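The data blocks that follow each hold one structure.
Both complexes below contain chain A, partnered by chain B and then by chain C.
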Partner chain A sequence: MTTTPVTDPQGVGEPQLAPEETVEVRRPDPWYRVVWSSSKARVGLVIVAVYVLVAIFAPLIAPHDPTNSDFVPLAGPSAENWLGTTTNGQDIASQLIHGTRISLLVGLFGGLLATAIALVIGMVSGYAEGTLLDDALTFLTNVALVIPVLPLIITLVAYSDTRGVPLIVAVIAITSWAGAARAKRAQIITLRNRDFVTASKFAGDRTLRIVFAEIMPNMTSLVAAGFVGAATGAIGAEAGLAILGLGDSGSVSWGTMLYQANAQGAIAQGLWIWVFVPGLVLGILITAMTFVNFGVDLLSNPHLRED
Partner chain B sequence: MTTATSPDALLEVDGLSVRYEPKRNPSLTAVSDVSFSIRPGEFVGLIGESGSGKTTLGTALLRLLDRPARISEGSVRLDGTDITALSEDELRPLRWRDVSTVFQSSMNALNPVIRVEAQFRDVIEEHSGLRGDAVTERVRELFDMVMIDHRFIRAFPHELSGGMKQRVNLALALALEPKVVLLDEPTTGLDVVVQHSILENIRRLQREKGFAVLFISHDIGTVLDLSDRILVMYAGRIVEENDAASLLRDPMHPYTKGLLGSYSDPRAETVRITYVPGRLPDLTKDVTGCPFVARCPERISLCESVTPAFAPLAGGDVACHVARVQRGGEVDGLAAADVGEPTRRFAGPEFVKTAAESTEALTRPALLSVDSVGKTYERRRGLKVERTVAVDDVSFELRRGEVTALVGQSGSGKTTLARLITGVDKPSTGRIVFHGPDGEQEVAGFRGRALRGYRKHVQMVFQDPYSSLNPAKRIGQALERPLVNHHGLSGRALRDRVRELLETVALTPTERFVDRYPHELSGGQRQRVVIARALAAEPEIVIADEPISSLDVSIRAEILELLGSLVREHDMGILYITHDLLSARMLSDEVLVLNDGRVVERGPTLDVIRSPRDEYTRRLLDAVPNPFG
Partner chain C sequence: MRYFARKVAFFLATLWAVVTLNFLIPRLQPGDPAEIMVKRLAGKDSQLDPAQVQAMRAMLGTPDGSLWSQYTGYLGELAHGNFGLSYTYYPFPVTEVIGQAIWWTVVLVVVTQVLSFAVGTVLGAYAAWRRNTRFDSVVTLGSTFLGTLQPFWIALLLIYLLGYTLGWFPTSGGYEAATPGFNGPFIQEAVSHSFLPALALLVVTPIGWVLGMRNTMIMNLGEDYIRLARAKGLPDRRIALGYAARNALLPSVTGFALALGGVLGGAILVETAFDYPGLGRLMGEAVENKDYPLLQTLMLLTTAGVLLANLVADLMYGVLDPRARRAQS
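Up next is the complex of A and B:
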């Protein structure tokens, strides 16, 4: 087989009239511009960016070591202790600033891990829809959906020897992937019968490549939205665990602050800043992440973009 | 610039412009300064390619435009009332009672959870005094009009076939005896035979009931058959208007000639069809000169600078400098000597098929033998097993350098045969033998690695170029996959081969296409990429499953021409699957007509088309629109 260009047997050259034109169609906006176009997402992104900066530069920003208990206990706000001190004589402001690190770390890795599990299980089961493999994976997903998550997390954490951040991340991820896996399975079922998938088979691609290199790029917006949602959930879950006293006792997080405040009867003693402030920063962060998701939604649903 | 506005016009459109003004993208004028009128009982066709603004115009006439589109100028008068000035509440009683419509996507126009009868009842009770049994009686009448059995009155939409749904939509549109009915490609996506019978039905009803019709289509063949008068639309403007007979006899605008060029008499010894190359101009930019200039074979230098006015000429109206001067009109700065004689032909690229070529091709050695193949699908329902015979006792041979066409309606077993030949399914009876480089091999025996190896020799071209290219991948990436997998190419050799492939399908200069995403290409260009991808494996056999049916009629020849040249130059065999006998005539040497999984007629294409022996073949042939017949 030769590959000479098509010679026109009639002598009526095809490109002779009009050169092939392509440029009329505008490329769609890049994803960052789409996300930025939503005012809610802009607010959310700015707030999240502030949190990230605080987390990165925590040792520079925080006036003291968060575990240092040399201050006068139960002091009110002052130039020395911006938000006062705890019953143990620790600086609340420094604890708050260092706590950002744990929350964001858990959010990032918990979100990533949950998304990764959801992707693998959802994509494989959706692509194999109707087979035994799909039945097994769907069963697993359904089980993960109906198991009461909170008791499971508490049990898992309570029985583990080391309560480091990696454990918290892992526990949160393996209890929160199921819903996202369902969504991805549904999405790939609508995509897998497109002709381009058949075309990939004819191009000689293997199944895993088809699923993850051909089909998955068409679901990036769904995956991104899933990640932001999972990360938000992970931040909340970490705080929740810590409040129950199941957090990483060696490190300072907003959740452990709340746990300590509760344990020391902060409200009864009128130390409302100690309780209120960690809850507030946590609330703001989760709200900001939800706002970011409004922008990510625009990626997957172009109909929301107009007007 | 108003057209012949007769005082008795029912619908009068004057200087109508529609602009799309999205916030984040540049705005564009989709319909610009369109004027025409429709008299009571008149059947008017509106034709133009996808993107020419015809659907936007239709939507504007109904005042159904959604943001970001809006009517920016002009008026639409219905019976003397300017509906562009009415409020939504004033419009509501007019819609459906005076103007009704049948939309393009018949499948989605009916509410899936409500019985058909209730949908009729809603409409009739809202707009008329009929109640109770009188409504039922009216629904029966309407079902008789569109020739559907009364037992479907109580059905849910999913119980109806595609053709029946569209008939129900037509009946719904006619329920209140409107004065004007707007039909927006009402038969696109339906089978040729079904399409034919629905169009006949529409024409008969229109004559009987005397309503006026505006029929929107990209297919000049169907419109010419039906219409009294034709409007040709290009880039948002009406470029020619004439009665159907005059337009066919003496098309004035080169674009009209281009559209007409996509039809030819399939019975002729040598068939020629032309196509309009290139694509619509970018409407977000100001158009200077004639909008058609880049694609026009008759252009002169004046066309690039001065926009031709749309004005009466030789009994019709046209917007073309050349046509005007050729027919004795006057254009500033242009003398009769500057232009040639008027022609009927579109002097663009064309595709020619002669009978002699086919005779030669049928003597070549066989590549694939299909030997009394049958396929029965079994479905278990409780204790019973339901058997569906999809293909029954089909035999044929596909030869090197030859095209065999499988022709039939949907459900005739064409696609099942393609699945059997590509090894996706195994035949229940009979065998399919591939005469490849490794000797004779039975297709049903391929599994796993062997199946992947077989697909190096057998490739597919799909029906819809919009779904067969991965929207997330660049053109170059799509072409690389088969080269990497089937030929182990990499690095420089890979890039060179991708460029060669793009040249083969005439997408040049190639560097402008390698990094494009599919949505940046026109339908015809995409289909060429799909063909290039099929060629990348250097196959012996290409199965083309309706490769042109989702493309505009005016560019179909572009793809047929490419496929035809591949057969000649690459010595491959093409199995061309279609429901359209005209395109089968253009491309194929041998034709098999399938009906209910059986071959009802088989023979050299020209013989079958000239003297069809089977009743079913004749019905398929009748359904091919033939403006010249």
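Up next is the complex of A and C:
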């Protein structure tokens, strides 16, 4: 196959090879194409998309109300109850479908909140590197990093009367931002002495504007990767809390299904489907999100790109 | 020497932060925390033992003192090892209840942590050496998938498969009839009861070691000293184990202590599934019975344990790697 060399118009970088048919100058790939170029990320994105659709249309897809306990208890799979029923006569399939909502909600908002905290602390700390403020924030980050998360979350939630999704989201976010904050601090330290920052300083921009409007857009991929990671962690943490009976009491999640199954002795009664499916869909979702992050990592680290 | 002093100072400061956090958590809500909790308990099961109110007061102090005097009082009680009375196991002090459970968890966590470190590191090193082969992708993807699974769920599946269906292992508790102590029958029962909980943790924990070891080792394999070793004609085995793997192992030393927090979290869930008589099950009971003195002491104790492990790892790292001692941060 013959290829025509095409030079980069700005003269930056190596001459690039373009296939014969395309004569146009090759621009850097847009972000979505980079992410999509990873086969793992493609699989992950498709799976996550399916989960999102299931969550949005849960009431339409689910055959029954998840809290309805009018069915024959302990029934096996049938046309009426696809995955059978619980000891309380609830439909397992409907619980599973509705449970998608809680996990994705907690993942979305827990991820957003944890990323926001990590951004503010990491950026401010890194930009103020070497000052007392940086020392204080770095200490805070290191403390938050070494404290084991689950015992702290359990204690915080156990004290609260109302255990709704907002409380769970808040508690998970304030205990899980530290790793991402440290990564952002390291990144901004490499960026803050670049020419465009100096230019912005000389132009008289305020520090907050420099940090969040000038420097932050250069860290989008790191922020995105941090968000996916935080959302994944939040989904796992919600399941852990619910398994211990500390979940949102008003709704059904995969974690509360496992809690109920264990509390009602599902295993001893041979109701393995009740136990098997919630953990499986949870594991698949978390694996899919981990795969998505393989693609997002390609954005921040071009060396990893597969082509 | 400054390196070691700084690490010890960080440990003490973090410990202080955790103790203070532990003091503040019950006081985050408005009003007298003891009053609120007494009311909540009373509402829950109408009859409230006055002794429980007493226990609550002992933990939270009297409402009339200022926050500062409550704080100093709290620190004083802690310094004397007085953590209050458990009201699940009333009238036993919290320390006594925890003292009976702690070894179960320590043994479980330490054994699985060491095994998962060994398994993960060996697999990761071999995957790096055979990079981009089928073995590499199976190990990398396999451990990623297993690592995302919920340990509690793995525990329930193991109970179902190896416990109920096949009947190979006991599925609940820590021992049967033997008298706890250092005697043959008890140790045998304890080991057979610990097998499934340890296995459940072993499925989910090696992922960090596999990926960490693989990535560091791949980086090390690109270094000049590896090229020199190859040029000298050293056998592959020697290059892989004596050179690349040996150096790649170093970052894992600090990772070892940090990962302990994760294993502890997994152990809490796994113990709940197996009704294993350790700190995790105790924590579950404390949550269920709103046994706040027990819950808070468990939080404090587990956190302090992880912090201490981190200190030890940091100090060891300083001994092993002279560069760490010289580095600024």
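One rule holds for everything that comes next: the second predicted complex is superposed on the first by the 280 of 307 C-alpha atoms of A that agree within 3 Å, B and C clash if a C-alpha of one lies under 4 Å from a C-alpha of the other, contacts with A are read in each partner's own complex, and residues count from 1 in each chain.
Assume contacts are C-beta pairs under 8 Å (C-beta built on N, C-alpha and C of every residue); 3 or more make two chains touch, one makes a residue touch a chain.
The structure displayed is predicted, hence computed values, not measured ones.
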Taking the superposition on A as described, I'd like to know which of chain B and chain C A:Leu246 touches: first, second, both or neither. second
Touched partner set for A:Gly111, first chain B, second chain C, both or neither: neither
First, second, both or neither for A:Asp29, with chain B first and chain C second: first
Quick one: classify A:Gly44 as touching chain B (first), chain C (second), both or neither. neither
Looking at A:Arg194, would you say it contacts chain B, chain C, both, or neither? Reply first, second, both or neither. first
Does the superposition put A:Asn218 against chain B (first), chain C (second), both, or neither? first
Go through the superposed model and pick first if A:Asn262 touches only chain B, second if only chain C, both, or neither. second
First, second, both or neither for A:Asp205, with chain B first and chain C second: first
In the complex, chain A residues that touch chain C: 139, 142-143, 145-152, 154-156, 158-159, 161, 232, 236, 239-240, 243-246, 258, 261-262, 267-268, 270, 272, 275-276, 278-280, 282-283, 286-287, 290
Okay, in this complex, where on chain C does chain A touch? 10, 13-14, 17-18, 21-22, 25-26, 28-29, 40, 144-145, 148-150, 152-154, 156-157, 159-160, 163-164, 171, 258, 260-262, 264-265, 268-269, 272-273, 283-284, 286-288, 290, 292, 295-296, 298-299, 302-303, 306-307, 310
List of chain A residues in touch with chain B within their complex: 1-10, 12-29, 37, 194-196, 198-205, 214, 217-218, 220, 305-307
With touch defined as at the start, can you tell me which chain B residues reach chain A in the complex? 22-26, 67-68, 277-282, 294-297, 348-350, 352, 422, 452, 455-456, 459-460, 462-464, 467-473, 481-482, 485-486, 497, 500-501, 503-508, 512-513, 516-517, 519-521, 525, 530, 533-534, 536-538, 558, 561-562, 565-566, 568-572
